[in-house]
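As written, the chains take the letters A, B, C and D, and residue 1 is the first residue of each chain.
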Amino acid sequence: MQLGLVGLGKMGGNMAERVRRAGHEVIGYDRSPGARDVDSLQGLVDALEAPRVVWVMVPSGDPTRSTVRELGELLSPGDVVVDGGNSKFTDDKVHADELAEKGIGYVDAGVSGGVWGLQNGYALMVGGTAEDVAKVQPVFDALKPPAPHDEQGNEMPGVGFVHAGPVGAGHFAKMVHNGIEYAMMQAYGEGYELLAAVDLVEDVPGVIASWTQGTVIRSWLLDLLVKALQEDPGLDKITGYAEDSGEGRWTVEQAIEHAVPMPAISASLFARFASRQDDSPTMKAVAALRNQFGGHSVQS
Amino acid sequence: MQLGLVGLGKMGGNMAERVRRAGHEVIGYDRSPGARDVDSLQGLVDALEAPRVVWVMVPSGDPTRSTVRELGELLSPGDVVVDGGNSKFTDDKVHADELAEKGIGYVDAGVSGGVWGLQNGYALMVGGTAEDVAKVQPVFDALKPPAPHDEQGNEMPGVGFVHAGPVGAGHFAKMVHNGIEYAMMQAYGEGYELLAAVDLVEDVPGVIASWTQGTVIRSWLLDLLVKALQEDPGLDKITGYAEDSGEGRWTVEQAIEHAVPMPAISASLFARFASRQDDSPTMKAVAALRNQFGGHSVQS
Amino acid sequence: MQLGLVGLGKMGGNMAERVRRAGHEVIGYDRSPGARDVDSLQGLVDALEAPRVVWVMVPSGDPTRSTVRELGELLSPGDVVVDGGNSKFTDDKVHADELAEKGIGYVDAGVSGGVWGLQNGYALMVGGTAEDVAKVQPVFDALKPPAPHDEQGNEMPGVGFVHAGPVGAGHFAKMVHNGIEYAMMQAYGEGYELLAAVDLVEDVPGVIASWTQGTVIRSWLLDLLVKALQEDPGLDKITGYAEDSGEGRWTVEQAIEHAVPMPAISASLFARFASRQDDSPTMKAVAALRNQFGGHSVQS
Amino acid sequence: MQLGLVGLGKMGGNMAERVRRAGHEVIGYDRSPGARDVDSLQGLVDALEAPRVVWVMVPSGDPTRSTVRELGELLSPGDVVVDGGNSKFTDDKVHADELAEKGIGYVDAGVSGGVWGLQNGYALMVGGTAEDVAKVQPVFDALKPPAPHDEQGNEMPGVGFVHAGPVGAGHFAKMVHNGIEYAMMQAYGEGYELLAAVDLVEDVPGVIASWTQGTVIRSWLLDLLVKALQEDPGLDKITGYAEDSGEGRWTVEQAIEHAVPMPAISASLFARFASRQDDSPTMKAVAALRNQFGGHSVQS
């Protein structure tokens, strides 16, 4: 099939490549010249035969919103827009309603895979109507990881792709994925820190490498930690500073809205916030209190 | 009555003064000359008439242990040793057993009050046998805050003093007091930080001062925070660095031993640990992982 | 001065009484007959001389929104509406803008004091323009706690009332107050649970009562805990079930929005969520995992 | 080589089988008849040629301590005892010192693998002197997972086995592994709960299955969660009740001792404690406080 792809950055470019390798035609557009096949959204729409599928892979927030809006002006009834970026799930309903007024379908797709996706495939969590999802399915099949086989040689279903529910469900599922990711990284981080804190353990990278097979905690993230420690055994070249890209915050916000206790994921989010502070106003207040009541010496 | 007091530092000196003001005789000993009345433990014991009460007010750990041990050599059956320091409650049983072999009693007393105790009185949580506690009671009565009166003018019982249980119960109660203290300070600190983080609130010290009467969260610690903010409205002169003196750690250890969920107090303890780190190894690992899987830029 | 008061429930009724005791005229309206002085908002507006001050003390959310909107239809330029309920601070800007179109002022007032406010006074955190706040000031002065005096007999400023900033700042400050309240209650609760978990401490209510004077953690909440334990020493008549009224959630949401680490307050919020669950889906998943990998026995 | 194995339960029995499959001779002893090859520790020692290696695989605590002590009476200088159970690392030094007096070596081995180890291999973290570890190495090689090969066909080193440091380092590393395991399980659990809490996501097991390939959070534990949800899609047959077997507690205790902030792992431990409570004393206290200050209705 034909796919129109808006956004040919690190993620979009690799995804175009993977879809092409599966035998589909990808027509790509990007604001920057370079890799693009057409030089405007109008050109992109003109180059595709109806019914069109246009996949938007640009930064979440305003860039995605304005691209979707513009596509709404250009596309025809029966076409489908896919937002594959890291949009907040609450944006999806807005996009879908806007496009529905013009008879255009909308699918939200949470995509995981990072820089490894071209090689391993991208896990896809999608939301939308069955009809809209079906129109994009060949592309989803091209992007997703190859289905593993069980011991009898049967394909194992449901791996790497899910139609999670109506519009918004895809980004919601991806959001939760990222929330879990925060806490897993924090878990490995805390374990690493304790190992590194004691003299008793003389080979910290070795311990972590030993966990990568046969243990309960083996995972792809653990493999990456082993790799990071091979490159820099004491993590001396790196600063303990971590951004957060939105999904972790939204996950905790949703937990609060739905009264779900979420102590580990929220702790991981707060640890990232703290990692970016030069000094902690909370701990300034604590130090000030200690000074007031106990005459404890204070660092100033 | 007569009281022997070992340790005339900030706490011990003030306590001696408060006991004297109540009409008792205090004979004080300290390693350093200066305020001491006698120049050795032997001299202290000689100066007291049996049955003696000797209050030990020296740093917890080895100084307390060696003082108690030495007193065990010098005192007579029927005498009582009081440990009023911040000892771990598990030390108390050891001390009591050592002294019991010589017929000497032992009482552990958790003391709260800090630099304000001379004026306001010291809250006392004690552990020991009824017989031993009774021998020290006049001193406890001198040290504790004056009993408040209810609206009918009756003394309200149980304020500022408790015989919490057998040996160890006093320090255990004081330990829990300090654990609570950690979380209260953290609570005020977190609230302060949020107020300070938003432009909307233009008078942060004013907001906190407004809370000191009529609110649900009024407290002595809050009064101290108001005072700290009066002296330094942006807490600019203070670093967000907080020591922990042991009781917070022991509180969480005991929670773990007794399977008590303790999320807020433990969070407060961990915030103190973090306040003392130049960089967080946990967050180094998190940053390294983000770099591995996403090519996220890393601060180095 | 004259005050129009909408909402004569537990809070509103007591506040009317306190304002009247200060010599002001209060004209009260409530949906239910009974205590009301007029039987409609129109009647309330008619009974007040311009410029009017109308204080809205009804449940937050739709009741407050519709009351403010209706008042906007009835009042005149120069009048002021005060929202003294537990509204989310983001509602205030909406209300203020609606009313400003008609020349009507708006003040948001966070009110603390609960059932004790009539006697002790209500702590007030207000947001709005200086001009609007000034129009309400006599009522604020009537409601707030009496100013304490320092040792020289001078009134201590800033206690029980703050003009925190522009519209919204009052409710924001009250919201943070409640977030702190959650963590303080959790702190005392965790300490209580640990004391109750060990045999060593034989008099748990006594320990807690002993803390009410002279300690670092003395507070009004602690006094209430002592009272609760006098009435029911083992808390046997009460279930560990706690609602949350919104402010705690909003506090953590704002912490997330402003990247403020808030581990203790969020832990307290999550503990409330958990207190209301019959079973924990998270722990079902954990139990299922333990069963899968270890053959650990599972309760079903 | 010959291996003496004490403890032929679920773990020990499978390990014996795996070692035998690698061509070694295993002589097993268990308190219960059934699978055992000899009917006493003396018989076991007699059946092995010196220098002997005896692997102890019995419950941690007293059973392990008494077995090690008894072996100390029976073995000869130059023999080695391996403790492969879940002992606390602080026991190892005691064991090693006891045996060293008799010239017997000691190695502690943390073993991960659970019921899957026979098939996949067991990850091994060991502590001891190089000399003692070398004597056991053939058994370690038999137990550990097969080394994976990189894309050039070279064996990847360090997977599934580490000599972590001196005596105690093996159990310490395994302890940290289990602490991380707690937080990973909690992370998946929290994500599962949020997905299950919203109507938007219509296929929760499908979402979780979709994550098993291509995502950042893929792991063996995630595979197990998929399996559990296949068997029981709503986890209706399971109760949210989780034991803890010691290592999680010790991990947090060590974090406290070494001043390592550990918010996510401790939150996971506390969630397990809470899962086992009929009612929460902390939340009883919170509910009692809410009742005192606000007249909030209380469930009794």
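Note that contacts are C-beta pairs under 8 Å (C-beta built on N, C-alpha and C of every residue); 3 or more make two chains touch, one makes a residue touch a chain.
Not measured: the values here are computed from a predicted model.
*Asks:* Count the touching C-beta pairs: is A-C or A-D ahead?
*Replies:* A-D
*Asks:* Looking at C-alpha means, what's the farthest chain from chain C?
*Replies:* D
*Asks:* CA centre of chain A versus CA centre of chain B: separation in Å?
*Replies:* 48
*Asks:* For chain A versus chain C, what separation do you get between their C-alpha means, in angstrom?
*Replies:* Here chain A and chain C have centroids separated by 38 Å.
*Asks:* What is the distance in Å between the mean C-alpha positions of chain A and chain D?
*Replies:* Chain centroid spacing, chain A to chain D, equals 32 Å.
*Asks:* If I count partner chains per residue in chain C, which residues reach a count of at least 2?
*Replies:* Expected reply: 114, 186, 188, 190, 193, 197, 216, 221, 259-263, 267, 270-271, 274, 280, 282, 293.
*Asks:* Can you name the residues of chain A that touch chain B in the complex?
*Replies:* It is residues 10, 114-116, 185-186, 188-190, 192-193, 196-197, 221, 224-225, 227-229, 232, 235, 237-243, 263, 267, 271-272, 274-275, 279-296, 298-300 of chain A that touch chain B.
*Asks:* Name, in rising order, each residue of chain C that touches chain A in their complex.
*Replies:* Against chain A, chain C makes touches at 216, 249, 252-253, 256-257, 259-263, 266-267, 269-271, 273-274, 276-277, 280, 282, 293.
*Asks:* What part of chain A is in contact with chain D in the complex they form?
*Replies:* Contact set of chain A toward chain D: 89, 112-114, 117, 120-125, 127, 144-145, 148, 157-166, 168-169, 172-173, 176-181, 183-184, 186-188, 190-191, 193-195, 197-198, 200-203, 206-207, 209-222, 251, 254-255, 258-265, 267-268, 270-271.
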